[in-house]
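Both complexes below contain chain A, partnered by chain B and then by chain C.
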Partner chain A sequence: MTAPKQTLEEILDLAAAHFKVPREKLTPDEDFFKTLGIDSLQALDLLTRLEHHFRIELPDYELQGVSDFRTLAERIQARL
Partner chain B sequence: MESFRGQALSWELKDGVVELALHRAPCNEIGSLTLDELEQFVTVLDGLESVAHALIIYSEVKAGFCAGADLRELYRRSQEMERKDAAKGVRDYLERIHRVLNTIDASPLTTIAAVHGVTFGGGFELALVCDLIIADKMARFCFPELRLGLIPGFGGIPRLKRDLGNAVVRDLLLTGRSFNATKLQQVGLVSQVVAEGEAIRVARATSAQLGKFDRQTAIAAKRFIKPIPYEELKEEIDIFCELFVQPAVEAGLRKFAESEDAQPYLP
Partner chain C sequence: MLNLDQYSCLGAALRDALDRWPNETCLIEADREREKTRLTYSDFEDVALPLARALEDAGFDSGDRAAIIMTNQSKWLISAYAVFYRGGVLLPLDYKLTAAEHLQLLAHSKAKSLIVEYYLWRAITQSPEFKNHKLTKVLVTEAPLGADLACAHRWEDFRRKGDPRFVPREREDVACIVYSSGTGGRPKGCVLTHENYLEQCKSLTAWYPFWPGVRYLSILPTNHAIDFMVGFIGPFVCGACVVHLRTLRPEFVRDAFVRYKITYVALVPMILKNLERGLRAKFDELSAGKRFLLYRMIALNKSLTRREPKVGLSRKLLSQVHQGFGGELRAMFTGGAFIEASTLQFFYDLGVPVANGYGLTEAGTSLTLNDLKPFRADTVGKPLPGVELRILNPDSDGIGEVAVHGKTVMSHYLDDPELTAQTIVDDWLVTGDLGRFDGNGHLQLFGRKKNMIVTEGGKNIYPEDIENAFDGLPVKEYCIFAANYLWPAKGLGREMLVLLLRLEQNQEFTDALKQEIIARNRRLPDFKRVGGYLLCGKDFPRTASMKIKRTELAEDVRKVLGRAAVVEL
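After this line comes the complex of A and B, so read on.
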């Protein structure tokens, strides 16, 4: 089982690397659509990368209304 | 004619393989323009079958293979018509797309969908007519129609039923959730999952291998193992048209059409 804090850190690392945003600019409680500058299609791309990274299935309806990394990490943690 | 360059798609014949490339931004939405060019393509497909052994369908658009029907055009056109005319218009549109997809489905060529990114709704249905689906690991598949009060209308349900167990079909349709390529390989729908950007290369390598086999044997094998569910396909059009005139659909389409997001029903 990956610890919650580690899950959050791995999400932030992955998002920063893929969307080419400085890691220090990403904080757990900010709106990642705004911080990363992504639309719904890019959010879907992020979802697929997270599924591969954590080797989980994460139905997109679980992410409806989720826009901060902390809640995203909680949703992922619940499937690890 | 060995090549064609249209506004929504292009095709060319090379080394016995027909490559059909989709290239309409933002994500190859299938509206009247794409449908017109697909109809032109299937008209010449007959002639290509004597000089080719395989067909690859792929996308040159970065966002993905195809996001499905052009819902904004569908909504706009339905608003310009009387209710009964709109219902007839959507039936005509579905019957035209079914003729195209049924022709590709029944083609004696061995057909491969090389997909990446968004493969949604009608885009997923286009992939389903092919004999093999080769998917980039970042491809994502979904039937979001129920979110709009509809069912898939391009032959998706009968073809899913042909290829998959009913429980998986129910999951795809009734939840409307999207599946990644690995999941769809696990359930038996995707033939190969490949690294990012490699789907078209692997499809070409697969097509080269197919060219080594006796054509008549390959044609006989395909005809034997891949029945076309014509009756269910007609039934699907009827159900879609009945649902299309319901008020919930108009509301769903309006919400979609008025949003500036590419796929407003996504997270």
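After this line comes the complex of A and C, so read on.
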């Protein structure tokens, strides 16, 4: 499944705001752990913010093995 | 607590615990703020025995192996008890591994039974290697209605009426096979006996007792040696309660401390650091006046608890901080990875001692632990009762390889006599870790002698196990090392994996090659990724069977290249 561009864009906007980095620094396919210098717990923190925005509930395991925004958008899209 | 000396196996001790404290709560399970399950010891028995009976009717018997792949939850412990009740051998597998890795370990262990959560089972059945599995009985928890379970049964329906037959085991019989690492390369299945666990439980609870009313928050995976002991066996044989959370989101973890008035918790350094970061941010948000007052109180608490913790006093002096932890927290356990002394000291000064220890799966949960008499942030504590440690071939600073002897040391590595012989020499287990004892009998660690790293998340990573991720890389040859193995640091600096590359003659290191390495690296779970690469100027030394002579290669590299030559990815 491919996430609509809008979902992906919204995730990138929210991540940039959450981690206080310029939006243009984030790209869909880059490893966000490395780009943002975060650990898996900080990534879980972002998940909470995304849940509030999209009004969904994502179990922790949906993030397992995910390290780029495009895959994350696909997981979120599947629950919208 | 129960007198563990009188038991020959975990099943018997757990069975007596269920009888002894029928009305005490033993398990609470919450999903976010929603409490899903609350069981007394009597309820626990009512759920576990029909499962044990169903296993019996399915032919599961003494010595049969059953694997569990589940996140932390009540069904993990219920299933484990049913397996022990039937005299089985438990294989707690790491739920964070990939489906292919799960199948590899299931095959290596020859487990015929598997108890698994639905989302993990779904991934396993979709793996190409699934067609070769040899499982005969699979129980899947929490499967949605109508879900295709392949050959599996629903855990919730797998129950039979009638009392199951209890199958006793001897102390020297195998209780668990725990993989300390080794997926992809050489699986290291630590064979641990009932005696190993009973003795470990006895020594740990001698220093950190549990009792009815104590609540342990289970965050570390239960398949991990620490949580299996302090989040299952330890609390149960003392009539205490285990709280499971189905999420590790920091906000729900924080909420659980308060909601369930947690007494103990075990954490990996990464979570501890996260907690520290959160607390420091909160302190910074205080007005200048309040912050000044807080730091004065912390300084006062520090001075009054210099010799030993004074829980009651600290809770009064720093009541708001303690209320944030639920008000009843006595200690946090950490181990399995190195942690900065400043983090340990930060919590101790707040009146929340972190009992830092040192252990490895091969030798039980913990070998040393901080006894807080007094607290020391710069060591991993003293040997637990019954654990003998010695330093092999110490150098002029007293630093050498740590070796352990005692009743908690594993029996052997599963189906690997060669590795067992290298690891257990004359009844002493050589750990591969470098350490020394100080004048007060505290162990200090100084890095590793073996080629491996331990992540902040507490995972052992052996470089050779992840080399196949780079199979077919267009270079002459390659090899992965732990940076601290190539250049022994005698320190606790950040650990990193390094990809050593030998290019073909006249080959240049191009950007395309770099991108290929980056792409392959990204396919690995984040904690297994290499941090940088290094170009080697000569061919790798190899054995007659063409295996890389790693020790020799590391020496060659060390002679000509320093740590600064590593190019970060």
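Rule of thumb we're sticking to: the second predicted complex is superposed on the first by the 77 of 80 C-alpha atoms of A that agree within 3 Å, B and C clash if a C-alpha of one lies under 4 Å from a C-alpha of the other, contacts with A are read in each partner's own complex, and residues count from 1 in each chain.
Everything that follows uses one rule, which is that contacts are C-beta pairs under 8 Å (C-beta built on N, C-alpha and C of every residue); 3 or more make two chains touch, one makes a residue touch a chain.
From a predicted model like this one, the values you see are computed outputs, not experimental measurements.
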| item | value |
| --- | --- |
| A:L41 touches, of chain B and chain C: first, second, both or neither? | both |
| First (chain B), second (chain C), both or neither touched by A:L14 | neither |
| Contacts of A:I56 with chain B and chain C, given as first, second, both or neither | neither |
| Partner chain in contact with A:D31 - chain B first, chain C second, else both or neither | second |
| Chain B versus chain C as contact partner of A:Q64, first or second or both or neither | both |
| Chain C-contacting residues of chain A that also contact chain B | 39-41, 44-45, 47-48, 59-61, 64-65 |
| Of all residues in chain B, those that touch chain A in their complex | 27, 63-64, 117-118, 137-138, 140, 142, 175-178, 180, 182-183, 261-264, 266-267 |
| In the complex, chain A residues that touch chain B | 39-41, 43-45, 47-49, 51-52, 57, 59-61, 63-66 |
| Of all residues in chain C, those that touch chain A in their complex | 71, 96, 98, 119, 246-251, 270-271, 274, 456-457, 522, 525-526 |
| Residues on chain A engaged by chain C in the complex (per definition of touch) | 31, 33, 39-42, 44-45, 47-48, 59-61, 64-65, 67-68 |
